[in-house]
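In what follows, structures are represented as structure tokens.
Shared between the two complexes below is chain A, which pairs with chain B and chain C, respectively.
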Partner chain A sequence: MISHEDSMRILIADDDEDDRTFFSDAMMELKMNNNLTLFNDGKELMDYLANPDIMLPHLLFLDLNMPRKSGFECLKEIRADLRFKDVSIAIYSTSSSEKDIEETFIEGANIYIKKPNDFNKLKKVIKEVLNVNWQFHSSGLNKETFFFSI
Partner chain B sequence: MKLYIKYDGIVACRVILQEQLERLNIKHKLLDLGEIEISDSVSDESFAELQDSLSRYSIFIVNNEKSQLIQKIKDTLVEMIYENDKLPAITISQYLSEKMNFSYGYLTNIFSDNTHSSIENFIIIQKIERAKKLIIEDELTLTEVSYKLNYSSVAYLSSQFKKVTGLTPSTFKRIVDKRRSLSN
Partner chain C sequence: MKNIKLLKLYKNSEIFKIALGIAIAVVCYIASVFYTQMRSLDSSVNLIANATETQLELEKVLSIISIYETNLRTYIITKDESYLENRFLRKGEIESNLKEIDKLVANNPTRVKDVKRLKGLIEYRFALFRETLLLAKSKNPNSAALNAKLQESNDFTEIMKNFVYKTINAEGDKVKIHNDNHQFELEDSMISAFLLVILSLLILLLSFNKMNVDIAELKKTNDELKFLNRSFNNAEKIAGFGHWKINLEKDTYTYSDNFFRLIGLEPQSFTPSLENISKYIHPDDLEYVTRMHMDSLRTHKPTSLMYRFVLPDGEIKYIMSVGSFTKNGKGESVKTGVNYDMTDQFKKTIELEENNKELKSINEELESFNNIVSHDLQEPLHKIQMFISRIESKEMDGISEQGKIYFSKIRTSANKMQTLLIDLVNYSRTIKGDKVFEDTDLNGLVNQVIDELSSNIEDKNAEITVGDLPVVKAISFQIEQLFINLITNSLKYSQEDRAPKISIFSKNIEENEIYDNEIISNEKYYKIVVEDNGIGFKQEYAEKIFVLFQRLETGSKYSGTGLGLAICKRIVDNHDGFIKVLSEPNVGSQFCVFLPKKA
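After this line comes the complex of A and B, so read on.
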């Protein structure tokens, strides 16, 4: 059984350095023993994922607006590849438009996070997301209909 | 004289297991580390002998009653939510304690201590999961779904749905439909 004690492999791609730091600090303070890897943009992330020898992540956070390759492009490419079918994808964006949210779910995202601008809120959101994702994986629920917007 | 040895603990352990199981004529398959599949039933005597002989190597058969009990709670709840045409009218606590012959207090404590979640939360997630299926099947109205799953009103189902998924039932349905038409 996967449990919170096992380390969860998490990747995040975000071109904003402050956001990346903010995110990894929040993750660190949660002390949930996660293994977090940061990428500066979508291209860097996709180059990493292209390597067949990597241990696949459990959860992937994607910023929507990135140079070179946007989060939306990454999402489409990842969902077109069956190798990543068990990876949960969380969109992490400043946009809170219903259209953006729906669009990403339709393209295969599982989680949509409206970037909070307060550190404590971010911590709360990450904790909630990790919890929901874990529940989903450990309770044998249908991944095709796993959507969570927060 | 001093001898220096090197050894592989995993291989050693597998060989010991194999030898002991064969000695007792127990048909088996060694799975990944820590798991053995036994094909036939084993008499109490051989089981005791196996336990006994393995313990000499500090190998113990884990008989974790707690995790078995938690699995049973989950199975009972899932069965209740999925198998019945309509959820039973009695309270969950009554249902569980009757089915399992333990007090509800005992069951909730064991569940919460070992799953990072509560029985109540598990039920909510499973009920919403069933609601998702029913919504996608599109044979029942939302009112009928809420009746089937024992919600006091559609509004209550919708708000719980929104809480668990962040979406309204109708947005959820639209997303699933569009996703399907995309993949066809």
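After this line comes the complex of A and C, so read on.
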């Protein structure tokens, strides 16, 4: 059980360097007590997670279009492993295609975030997502609330 | 009505046969009656003749006796021996007479008795004759005794005469009776004969008439059949099909004239048979066709085959051959069928299929192009916008006023591009995709849309009222998009000095409208209205407004991509519905969406 009082361990996997920079800059400006780890692609992420000694993350932001291993594949693998059942997964992508939204919903992502185009908006989004009480968030079951919108 | 009924009866051959039978029976009956009458006439004539002859014979007997008497008397008077010539010793003539009489009265017992009596009387008379003769011839004639004898003889003769006359009279009565009967019978038989003739004539006439009527009808039917046949043959020619028939019992094949023409041959140019026709079937199809045909001959299941014929000039025709099994007029099993020239259709189908394939591949290309446009363009755009926002939040201090203006213009353009890309994605979603129709609660949907647009609505201080909307069978996400676009438009194109008031409601169709050859009536369509009090536009643009990328002049105040309403129209088309707009500048616009009530 991941308790809310600990500082949140957050992972983000995105192959775009600029997007990673935006994200970490936004988190820094929010000054929330968090522990952020960045990954360049899906393979790096899964290699890291494969290690049994790591502390399980609270929240993972997952880009979809990544080389070597796509976000979809990571999502499937993570959800197939019961070790990560309490890890919340937020899909973080530029795409908002129905197909992507539906497939990630079916594969067990908790929430779908379309990458905002404005830095301030980005900060807002991150703040809200981090504040969601994931224990009670029923997103995995409710398609209407799956697509995150401010 | 009665006449028609009678006529119908008359024409009905069953009834006629029965009537004829009855008539013939009646005729036979009358004929037999007539015959009987004839016979009885015959016998009565015989009886009369018989009686008359009997009378005659009896008279003869009497006269002979009289002659003898006279002769005897004459002898007694003249003593001339010539009057006695063997007349009394032998009865001679009388014998033959009596024989005749016997014959004549043989059938009449009473008469037989009488004749017997007569014979007795005659015997006695002859005895008397002999006695008288003896007395007359004796040497000592005793005139007293002779006279007495003569007297006795006279008296006896009287008695005999009386007896005979009585008999004769009896016979005479008989004759009379028979005569009378004969008259009646003659009259009766005349009637019978007359009836017979009349009836026979009648039967003859009726039969003749009926025969004529029947023949006329047959001829008419025949003519009709001939005409039908000719029309059918013509129709075959025009329509381009030929028919065939296989008699399964006799194993004979029949092909119609056009059957031959279909495969480029003169009608009946070869003897119809499986072997002969096989020569013209395309070798690649021959085995299949023969097998299917032979199977059908066993199972009597109908066949429907398409195969090729190779015409004598080398041309290939696609023929559709359909056949089924039935029984002909004689009860023999036959397979009948029709061959139809499908070449044109087949070629067209092939063309269509090729067109389809081409279209599909074009579509696929377009789709991938679409993907590129919508997704891959979004990435760099997103970056542009992000970096601009970074600059605007962090670096603005180091930039000149002019520079700030430039950045703001860059941002505006980037946003515009963003909107356009989103709209393009939406538009493409209305074209492709699985069209899944499900029951959609429009109230729920509209409320959801209002929720999504809540910040926009708040910004504009807009008031939205939603009435009772129906549940329709629709593609949910598309209808959602429809309302998003319409409401966004109403919000966007609102008047500066007025807070937008938008009402969404459903209305009964009062007056049926005609749109695209379809009558829009209340039974068939829902009418849903999105009404606003915005800037409106001239009604003459009411159709142009839905065209892709078309925008009306609104100046730079109102930005738009020209896609929103085109998307709405596309969505409504997908649902087999209609969209129309009524508008007036500075008053507002009323968008009417008609959705079919049935799926």
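In this section, the second predicted complex is superposed on the first by the 127 of 150 C-alpha atoms of A that agree within 3 Å, B and C clash if a C-alpha of one lies under 4 Å from a C-alpha of the other, contacts with A are read in each partner's own complex, and residues count from 1 in each chain.
By our rule, a residue touches a chain if its C-beta (ideal position, glycine included) is under 8 Å from a C-beta of that chain, and two chains touch if they have at least 3 such contacts.
Not measured: the values here are computed from a predicted model.
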Quick check on the superposed pair: does A:F105 touch chain B, chain C, both, or neither? Answer first, second, both or neither.
first
Of the partners chain B and chain C, which touch A:S149 in the superposed model: first, second, both, neither?
both
Kindly classify A:F119 by the partners it touches after superposition: chain B alone (first), chain C alone (second), both, or neither?
second
Once the two structures are superposed, pull the chain A residues common to the chain B and chain C interfaces.
98, 149
Per the contact definition, I'd like the list of chain A residues that touch chain B in the complex.
1, 3-4, 98, 102, 105-106, 108, 112, 131, 134-135, 139, 141-142, 145, 147-150
Residue set of chain C touching chain A in the complex reads 374-375, 378-379, 381-383, 385-387, 389-390, 393, 414, 418, 425, 429, 433, 448, 452, 477
In their complex, what parts of chain B are in touch with chain A?
67, 74, 116-117, 122, 125-126, 129, 132-133, 136, 164-167, 171-172, 174-176, 178-179, 182
Can you check the complex and tell me which residues of chain A touch chain C?
16, 18, 22, 94-98, 115, 117-122, 144, 149
